[in-house]
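Before I ask anything, here is the structure I am working with.
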Amino acid sequence: MNQIRVGIVGLGRLGKIHATNLAQNVPGAVLVAACSFSDEELAFAATELGIEEIYNSYEDLIASPNLDAVCIVSPSGYHPEQIRQAMEKGLHVFCEKPIGLDLEEIKRTVQVIHDHPEQIFQLGFNRRYDESYLYAKNLIDNGELGDLMVIRSYGLDPISGLKSFVKFAKASNSGGIFLDMSIHDIDVIRWFTNKEVVRVWAIGKNSAYPELDQLNELETGSAMMQLEDKTMAILVAGRNAVHGYHVETEIIGTKGMLRVASVPEKNLVTVFNENGVVRPTSQNFPERFREAYISELKEFIDCIKEKRQPGISAYDGLQNTVVALACQKSFETNQIIEIL
Amino acid sequence: MNQIRVGIVGLGRLGKIHATNLAQNVPGAVLVAACSFSDEELAFAATELGIEEIYNSYEDLIASPNLDAVCIVSPSGYHPEQIRQAMEKGLHVFCEKPIGLDLEEIKRTVQVIHDHPEQIFQLGFNRRYDESYLYAKNLIDNGELGDLMVIRSYGLDPISGLKSFVKFAKASNSGGIFLDMSIHDIDVIRWFTNKEVVRVWAIGKNSAYPELDQLNELETGSAMMQLEDKTMAILVAGRNAVHGYHVETEIIGTKGMLRVASVPEKNLVTVFNENGVVRPTSQNFPERFREAYISELKEFIDCIKEKRQPGISAYDGLQNTVVALACQKSFETNQIIEIL
Amino acid sequence: MNQIRVGIVGLGRLGKIHATNLAQNVPGAVLVAACSFSDEELAFAATELGIEEIYNSYEDLIASPNLDAVCIVSPSGYHPEQIRQAMEKGLHVFCEKPIGLDLEEIKRTVQVIHDHPEQIFQLGFNRRYDESYLYAKNLIDNGELGDLMVIRSYGLDPISGLKSFVKFAKASNSGGIFLDMSIHDIDVIRWFTNKEVVRVWAIGKNSAYPELDQLNELETGSAMMQLEDKTMAILVAGRNAVHGYHVETEIIGTKGMLRVASVPEKNLVTVFNENGVVRPTSQNFPERFREAYISELKEFIDCIKEKRQPGISAYDGLQNTVVALACQKSFETNQIIEIL
Amino acid sequence: MNQIRVGIVGLGRLGKIHATNLAQNVPGAVLVAACSFSDEELAFAATELGIEEIYNSYEDLIASPNLDAVCIVSPSGYHPEQIRQAMEKGLHVFCEKPIGLDLEEIKRTVQVIHDHPEQIFQLGFNRRYDESYLYAKNLIDNGELGDLMVIRSYGLDPISGLKSFVKFAKASNSGGIFLDMSIHDIDVIRWFTNKEVVRVWAIGKNSAYPELDQLNELETGSAMMQLEDKTMAILVAGRNAVHGYHVETEIIGTKGMLRVASVPEKNLVTVFNENGVVRPTSQNFPERFREAYISELKEFIDCIKEKRQPGISAYDGLQNTVVALACQKSFETNQIIEIL
């Protein structure tokens, strides 16, 4: 039958999610090969998912004659090179965000993708495939909110991960909170408004781990942006959320407002107990975006079958990074940064 | 000026609320006299509210030449006799619910009130003066919900009062949970629907204090009722609410539904903490109905000044009691009780 | 590989959902055959789902040598006979609720199922597989709510279906609103409490279509029930919900309360517009229970693979019907019905 | 008795509210005199409130021998001079926000107030007396949210007032949206955090009335601020809110978050209709802050009686204006403005 054969590289926390979805939850896809440096990860692929083709090297993976497409969930620094190699092998590519860490390298990657217009390329900005974000986007595009005036987007990670982040930050460079986390919000801002950011001011604060100050890292950061049509954008990123994983976006328009997930409800249950009236909340991104992770891969497979590119382009990946880097630079200099 | 001079009898928990409102928060009223058996209560009136006329006997209170009206907040058993005496003295009467405990005595009291049509008589069914209940009543009367099909009303007392209730129930007769608590819900059902109840089945359960079974008392009771036009009514009364004081009413109509206080929100604050997303709740009736207690007395004073009777009549007090007693009888016999 | 091969009978609205899920969304299942009287439905199976084995007769379907299991989504009256035939062929059976319409026939069917303990039998009470209901069930079983005092469960269908229901009711016998709709609430009541219903009183009202009175059919019905341990249960069923599809369940316990879907939120979006602050709502059962329909079939397949019976038994199907029929009889006689 | 005798100047929309509260809802206050240029307003005071002393001139008002205090609700430009005159007459002063429009004049006014420490001076920053804001402030001060990281505050006026604002803006100088509206948010930010703002960037956008661009006026403006301890503050002001009057404040701390009025609920009613599940909203500031307007005057009277200054000082009025002016300057120059 008309099954799209996919190989995956990277089987960390998110890699396992993508692999499981490709193996079980995405009609029309079949996961045929997996690549990782980690034996534990490869054992997962073999045992849990029944994958027969197992590789330690990315070159070997994409050399497999059984692949139509590759799903890249490796560390961000590898993305550009792995995209290039897959593209040159004629494979369709699904790549987790970001497209890369270095701006010049990203630009070269965008060019590589541009040079292979017959192959599908999709970036894993998962919010674009979340049912609630899509419902909001639809209301906006239908003019239900009128002209857009303000867009506010929050990405608040659960506090449970803060300690391990601090350890990580001491060992390696995350790129900063805006590149690491806010890039999702930047993508939503550009997607919802169809406008580009022209200037930004970003600030931040550390409290529990003041040693992060030395590392240019932040527990919590905020940025305000002016878009090309003067629409205002506000973002907050945090690693401190006690109540769970809180991703929220607001649009204020001349005809109405909307909020996506102002309460990051876990389900439809409300509990009335000694604390008051309580809505339990999503605790992490796999829980909050479980469906979106499936939907984005369904879209990838559909795009391959229908020979059309997805709504999110390599150029979006580039621009999102440009803005995120401007935020980081603004934070470091405490000045407004103009984006040309 | 045109001040209405009021005397109050009973300065318990609710009596103190009414007295304070009459003294401070009800324009056009002046609290001139207070009566209680309790020295502590009279000291409150004298010291906190500056009341100069202080009485140990109700006869002395209503003999005062300085009164236009009396506010009766004494134990329910005294209500009929105190209403009669005040009416015969020519005083306007505000009386806390219920109008009385014994049906025949209530009927005689209704007749006494009926015989003094120039004097204002108002019963303290406070929900009729709550802003949210009034808003709902207005939507219903404007036909926004279409024909009414189901009305559900809950009165759930905070668990903090359960222990003292058990002690009280062993010493005296509360009349049962339906007369004690559900009479408010019965009043709302009759007020919202403008229909009378024709039959009822009531059941109940005890858990924490099974000894209540012997006393015919309930921690939690439910009743279902059929109204004269087949509208369905459901009520639940409980003494177990861990989250606070929860009074809720729902109307299901052919054109829409509404709920009053499905979450008994304390204020407009939402807290996001380790419990999830939390709305703090009202903890007791003085908190939940603070404004309604003022509004009902404002209405009483306005009725006196404008020489018109309030929306709630002595007959309502009678009918509410008839239905509450039918609920109690149904619970005791586990049979449907017809109300003639 | 270890794929479970399933045939389906019935491809109406819900049948198409089950067929699509079996074909695409249930790992480990493969839909190999479909049976229907309707050419349109069979064309759907062939074209949309690529099913090659197509049958007009149920006997032919279950005679196929390629089946491990059958999924019965035919009209309720056929269920008992189709279950029997499949069981006798040695097939595992997933059957939509109810297990049947006639009590004696259901009892015989339960016996047939009992006589084939090696074969999996699962009933489609989908709420048992809904994430929010499962979360609630877990809180209850963990004692978070203490002793259960009251359970209230609503099933309110969208008004969009009312007109076509009236037409249907004139032509055929739905069994009444309690058997047709409330049986889901009855199942939840029994599942959440682990107790049986001992007596019930049911009432109802028609408004938009008074001709339903002659047919013993209801736009809206209510029932109150006493369970064996005196726990109180309340249910409301309606065909009038203007705001969409509203299935809600509440538990009041001695240590807390909870509500499942007190607002039947469509997604995580909140709209602030001229109507106020609005949560869009689920409009129908496929939308509300989309995930539950997948989960129940995943469970069915897992049960087959792991050789264990699901949590819901044929006996549950029988008892749910006994209670629903008692509700209907109570409504017809306006008396309390005892359930032995 | 110990009544505080108050005169009021200004009986516009808010002046009428304060006058009515002083006359009827503030125990211990008696409104004895009123001053206005408008005959209609004076007629209101005489007829509706029964005020006998009526003045056309502020000098005459404060020359009355019957006054203990004055309530200033005149246009903002008059505030400094009227405060000075009242202070020099020995009167206690309640003055609506802002303390003035010109920074040097405000500084002189602060000095005047400082020179009369025995007289009570209170500014009408009403949110400080709102029950929900007080509840939030209490949680913050008790450390429930941990260290404060981000504070976000919105003031969104209902769209119903936009047209008349445009007309007003063409005729006179509002001072700009930040001085006119955001000053409330600035006060909340300083009050909640106990920190001063050190730099700000403000931007804005016009859509429905682009002619506002020429007037340096805004339909919607945003500002981001860095406080002295790096806490981040975000504010949005708008004149476009279709859903009503929306004042919201959020605090993100290291131990939790809270929001005041994320939904500006009108009451406790929820409506389920063809729009979905709807919470009706407050439509204007008199509705939203009805209680706060009473509470702030109660506090003023209590401060006079108890010879203590209120929590909000003249210095707060000065600082709030300094920050609001910095926002306006930032918007006009599109640069970060440092506040010394």
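Here the chain labels run A, B, C and D in written order, and each chain numbers its own residues starting at 1.
Operating definition for what follows: a residue touches a chain if its C-beta (ideal position, glycine included) is under 8 Å from a C-beta of that chain, and two chains touch if they have at least 3 such contacts.
Please read these numbers as outputs of a predicted model, since none were measured by experiment.
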* Mutual neighbours - chains that touch subunit C and subunit D alike -> A, B
* Greatest separation from subunit B - chain, by CA centre -> A
* Would you mind telling me which chain pair, B-D or A-D, is linked by more contacting C-beta pairs? => A-D
* Asked: In whole angstrom, what separates the CA-based centres of subunit A and subunit D?
  -> 42
* To do: Would you mind pulling out the distance in Å between where the CA atoms of subunit B average out and where those of subunit D do?
  => 38
* **Touching two or more other chains - residue numbers and ranges from subunit A** => 241-243, 255-257, 262-266, 270-274, 280
* Quick one: do these chains touch in a line, a ring, a star, all-to-all (complete), or other? -> complete
* Structure fact -> Contacts from subunit A onto subunit B in the complex sit at residues 241-244, 246, 263-266, 270-281
* Asked: If you look only at subunit C, which of its residues touch subunit A in the complex?
  -> 1, 23-25, 27, 50, 131-132, 135-136, 139, 144, 255-274, 280
* List of subunit C residues in touch with subunit B within their complex -> 146-147, 149-150, 152, 156, 159, 199, 201, 203-208, 219-224, 226, 229-232, 234, 236, 238, 240-243, 252-257, 262, 334-336
